[in-house]
Each structure stands twice: as structure tokens, then as C-alpha cells.
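Structure record follows, encoded as C-alpha cells.
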Amino acid sequence: MNDKILSSDSLIIKRIFNLDTNAYADNGSLDVKSKELIGLTCSLVLRCDDCVKYHLGKCKEVGLTTDQVNEAMGIATLIGGTIVIPHLRRAFEYWEELHV
Amino acid sequence: MNDKILSSDSLIIKRIFNLDTNAYADNGSLDVKSKELIGLTCSLVLRCDDCVKYHLGKCKEVGLTTDQVNEAMGIATLIGGTIVIPHLRRAFEYWEELHV
Amino acid sequence: MNDKILSSDSLIIKRIFNLDTNAYADNGSLDVKSKELIGLTCSLVLRCDDCVKYHLGKCKEVGLTTDQVNEAMGIATLIGGTIVIPHLRRAFEYWEELHV
Amino acid sequence: MNDKILSSDSLIIKRIFNLDTNAYADNGSLDVKSKELIGLTCSLVLRCDDCVKYHLGKCKEVGLTTDQVNEAMGIATLIGGTIVIPHLRRAFEYWEELHV
Amino acid sequence: MNDKILSSDSLIIKRIFNLDTNAYADNGSLDVKSKELIGLTCSLVLRCDDCVKYHLGKCKEVGLTTDQVNEAMGIATLIGGTIVIPHLRRAFEYWEELHV
Amino acid sequence: MNDKILSSDSLIIKRIFNLDTNAYADNGSLDVKSKELIGLTCSLVLRCDDCVKYHLGKCKEVGLTTDQVNEAMGIATLIGGTIVIPHLRRAFEYWEELHV
């Protein structure tokens, strides 16, 4: 689907996609683990399941442990409230799938 | 799934779950019907279908009538705007399922 | 300011204001206390200070006690998370002002 | 499902549905294309897939082009951030379905 | 303040600012009036007073009339609900200031 | 004001405050810098100025650099969109005040 979006003529959307790729790359003053934890927790408090899944996949890739991911998601749930719990459930489920 | 979450070592998450159970119990200065209406309407304006369903189930359990639930959901839709309507639709549908 | 809004030619806005007045009136299957608690808590989870203040004023008018209001706001803070706390602080402050 | 909601006794909900129908009609100082673009982009930044789909259908009906819809959705994604992207993806997909 | 932000070394932020400037320029398949109405209404449903003010200024600049702006804000209030009303009030007030 | 809230009889609120204190303490599998970056960025995407200020103060305390804080806030702005910019501006301003 991304291909389809990128093949459209929308310059704004293409540039946002580019920015998104660069933002989490290993190129700044924060290490990639910190950046993925930011991506994960912001996605969780904003309650976007697809974004949470995406960042969980990246968290695993960059070597974050289950304890670290759980602690980060705990903080996000505290900040975002019990309204986050259904998304937290699906996040736990997906994290487990990633480790089968 | 809750079991899995609770078996994790996240203290924050466990405590939020405990708080959540206590918050709606018959133990304070508000009766359980008022508390469930609060849970239902806050879930609706925050547009969380799973939370709405959970509280609709509890609303039925504590004896709230269809008219009361509908009036509460009407107020929530007014506060949250037409963006709430798809969630309201699913809430109506689920409330009906609960009464078959 | 409401006068100015209502003197504009926007029919939608006028009708929303009318609906708003009717929604919390003593005219349905929920008593006014329950409706004001809904208005208060939904305003709190959506983090609108002006709306919270308005409903705190109404809560006092319809005879809700400090304990009832505090319990309702506690549930809203649990649902909405710690992001609600600054608004909760201002709500406590305003409730106190209302009782001087 | 709308029939079921409208057959309920909730006056608030009925009136909100009426307002909603009138708001996008060809009756004011904005043309219907501008109004549908507003409905579409507000639905996108508020991340309501069902609302986005509804307005995409209407956008097609009132004669908005793919380029216009894409540009509007690009602005909405910029305003709402990358958290909007999964909804943008589904919007692209649905817009394509509408044109098969 | 923008100068200070732009003089920081944050590439992401600089690029987002650039994108923002381009998004509303007279360069695409939508005219600037439509784009400003999108900026205004999305800002209103997301309840950002500073953003609303900014777009009201631009709306005036590009020649949108009071009736057009009011109709757009009415639709936004319907979509976003009564929680938007305090922001609508401040928007009316600011629009008036712009026309003294 | 916190004293006043804590002296109220609301058990839920007291426990949420306790949780909040523990969540960011040096006691888990994430270091305090990572936790403060999570607190900061989640506060920014949820657009809570008071929360952003609080976490900026803590970020300084735990030794995060200006570059690190700016990079984190850049990611948050990308995730949350241009609607975050007014809050970003105030965050920059406050970070500067903290370093005078």
C-alpha cells in the first residue's frame, strides 16, 4: 500500500514518509533504542494499533528486551490512562507473536 | 489476555488494573450506576469501542435501563461530536446483542 | 461572547447551543446530577478547562457534594491518565473558589 | 443501523443526525466541495476510518478529483502527523475501490 | 520564537516547518481558500487555539468572508462536538479583532 | 496544589500520584533518561504544556543534553503533526529559561 501512496503525486505525503524514515535512523544524538521507545509509547498514548505494531517490530529488531518494552508500555498506560488498555492488550499479544 | 498482562512483571500495569477494579466498585459516595455511566460516556467521547462494550455490559449488570443508557450516550455524542457516531452505532448494536 | 456567537447567522452553531441547553435539563430518564457528572467527567478526559469549570458550577448548583465530585474526577483521571492531572489541579482549585 | 438509532427515543441523537444532514447540503455560503473537503480532513486528523470513508464517497459524488482529494489528505496528514498514516493508507485503498 | 526553533540543529523540525509553508501555498490542485478552510477546521476540531488564530489570519488574507468562515467553523463544531465551543468562542473574538 | 489534591479523600487520585512518582524512578530495566524522554514526548504529542514543562525540568535534572531533547521533540512533532508546533515553541522557550 505504501507503494501506491508514494506513486501518487502528493509531494507532502512523500516528504512526510521520507522524514519518517530518517527520524528513526541511527544518525543523531539519541540511540535507535531510545527513538524506538519514543515511537512506541507515543503511538500507544495516541492509541494507534498499527503504529504500535510497527514500532514493536522495530523494538525487537534493535534489541530491546521484553522487560524494557513492558516498562515503557507501563509508563505510556499511566500517562494515557485506562483507555489505553485495549491497545496494550493487543500490543502484548503482538509482542508474543514476534517471539514465537 | 488480561492474565498474560498480569503475569508480566510490570508493576505499573498491575497497579493500574487494580485501581480500575476498585474505581467502579460499590464503595464510595457515588452509586455504581453513576460510575458506570461515567465509564461509558468517557469511553464514548474518547472513542474506544472495546471500553464502550465493557461498560455497556456493566451498565446492564447494574440495572441501567435502555432509556438511561441512550440518554447518556446522546449527551456523550453531543459533547464529542459527530465523529462519535460510528462508535455510537456499534454501541447500539452491542446493547441490543446484550438483550437478545 | 455567547450573544455574539448566537447573533451570527450560523444555523448549525445556534442549534448546537440549543441542544446543549436541552441535554442537561431536567427532562429525561436520567436525573440532573447524573447528567452533570457525565458533563464534568467527559470534559475532564477531553481536557477542556473551560468546560470543566462550567460543569463544576452546575454540579454545585444541582447539589452534588465535594466527595461525589472528587470521586467522579478520580475515575476520569484513571480513564484519561496522568495527562489529565494539570486539569484536575485547576478543577480542584476552581471547586474551592466556588465554595468560599 | 441508522434506522435503529433513529427509532430510539433519543431526541439529542435524532437532532444531531438532522444537523449532520443539513451541514453538508448545498445551502450556505460554502460550496459542497469545500464542505466535503472539510468533512474529509477533519475526519482524517481525528482518525475515524468510517467517517473518512463516508466523506470519500461524498467527495466522489460531488465531483472532487483524485488530485484534489490527495492534496487535501496530504495537508491533513501534515497537521495530524505520522499517526494519521495508517488511516491515510486505508483512505487511499478505499478511494481506489470507489473508482473501479 | 520560530527563529530560535529554526536555528536549532533539528533537521526534522526544520523540514516540518518547510513542509508547512509549502502545504498552504498557491501551488496545487486546490485553491488557497480551500486549503485555509482545511487548516482552520482541522485546527478547531483538534482544539489548538494558536493554530486557529493563525489560520483565521490567513483566511482573512486570502479573502474568505465572515459567512464562509462561520459556516466552516459550524461544521467543525458539529464534527468535534460541544467540547469545541470554548475554542469557537475565542475564534469569533479573534476574527472580530482582525476586522476592527 | 498537589498538597490539596492529596489531602482530599480520593483514594484513586492518591494512588495515581504514587504510581506517577514510582514510574519515573531509577528502579527498572530502563534508565531514567529513557523514561524522561518517554514522559516528555508523550506529553508533547498529547499537547499538555504543563506536563511538557515538568518533564523538561526532569530531563535537565537527569542530564539530557539540548541536542538529545531537541531530537526527541522533533520525533514527537513528526508523530503528532504541525498541531504540536505551538507546544513545541513553548517547550523551546522553557528549555531556554531552564538554562539561563
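For clarity, chains are labelled A, B, C, D, E and F in written order, and residue numbers in each chain start from 1.
Assume a contact is a pair of C-beta atoms (placed from the backbone, for glycine too) under 8 Å apart; a residue touches a chain by one contact, two chains touch by 3 or more.
The structure presented is a predicted model; accordingly, all values stated were derived computationally and were not measured.
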Study note, to complete from the structure: Overlap of the chain B and chain C neighbour lists contains A, D, E, F
Review point. How many links in the shortest chain of touching chains run from chain C to chain F?
Key: 1
Check your understanding: In this assembly, which chains make contact with chain B and also with chain E?
Key -> A, C, D, F
Check your understanding: When the Cα trace of chain A is superposed on that of chain B, what is the rotation angle, expressed as a multiple of 5 degrees?
Key -> 120
**Study point:** Remotest chain, chain F as reference, centres from CA atoms
**Key:** D
Check your understanding: Going by the average position of its CA atoms, which chain sits the greatest distance from chain B?
Key -> E
Practice item. Specify, for the interface formed by the sequence copies chain C and chain D, whether it is same or different in terms of residue numbers shared by both sides, with half as the dividing line. Key: same
Check your understanding: Using CA atom averages as chain centres, what separation in Å is found between chain A and chain D?
Key -> 27
Point to revise | CA centroid of chain D to CA centroid of chain E, Å | key: 19
**Study point:** Geometric centre distance via CA averages, chain C-chain A, whole Å
**Key:** 35
Revision key, fill the gap. Touching two or more other chains in chain D are residues 11-12, 16, 19-20, 23, 42-43, 45-46, 67, 71, 74-75, 77-80, 82-83
Practice item. Report the topology of the inter-chain touch graph, choosing from line, ring, star, complete and other. Key: complete
Review point. Which bits of chain C are touching chain B when the two form their complex?
Key: 16, 19-20, 23-24, 28-30, 33-35, 37-39, 41-43, 45-46, 65, 67-68, 71-72, 74-76, 78-80
Practice item. Spell out the residues on chain D that touch chain B in their complex, using ranges where they run on. Key: 1-2, 4-5, 8-13, 16-17, 20, 42-43, 46, 48, 50-51
**Study point:** Residues of chain E touching chain B in the complex
**Key:** 45, 77-84
Point to revise | Residue ranges of chain C touching chain F (in the complex, touch as defined) | key: 47, 66-67, 70-71, 73-75, 77-78, 82-83, 85-86, 88-89, 92-93, 96
Practice item. Report the residues of chain F in contact with chain B in the complex, numbered from low to high. Key: 11-12, 15-16, 19, 22-23
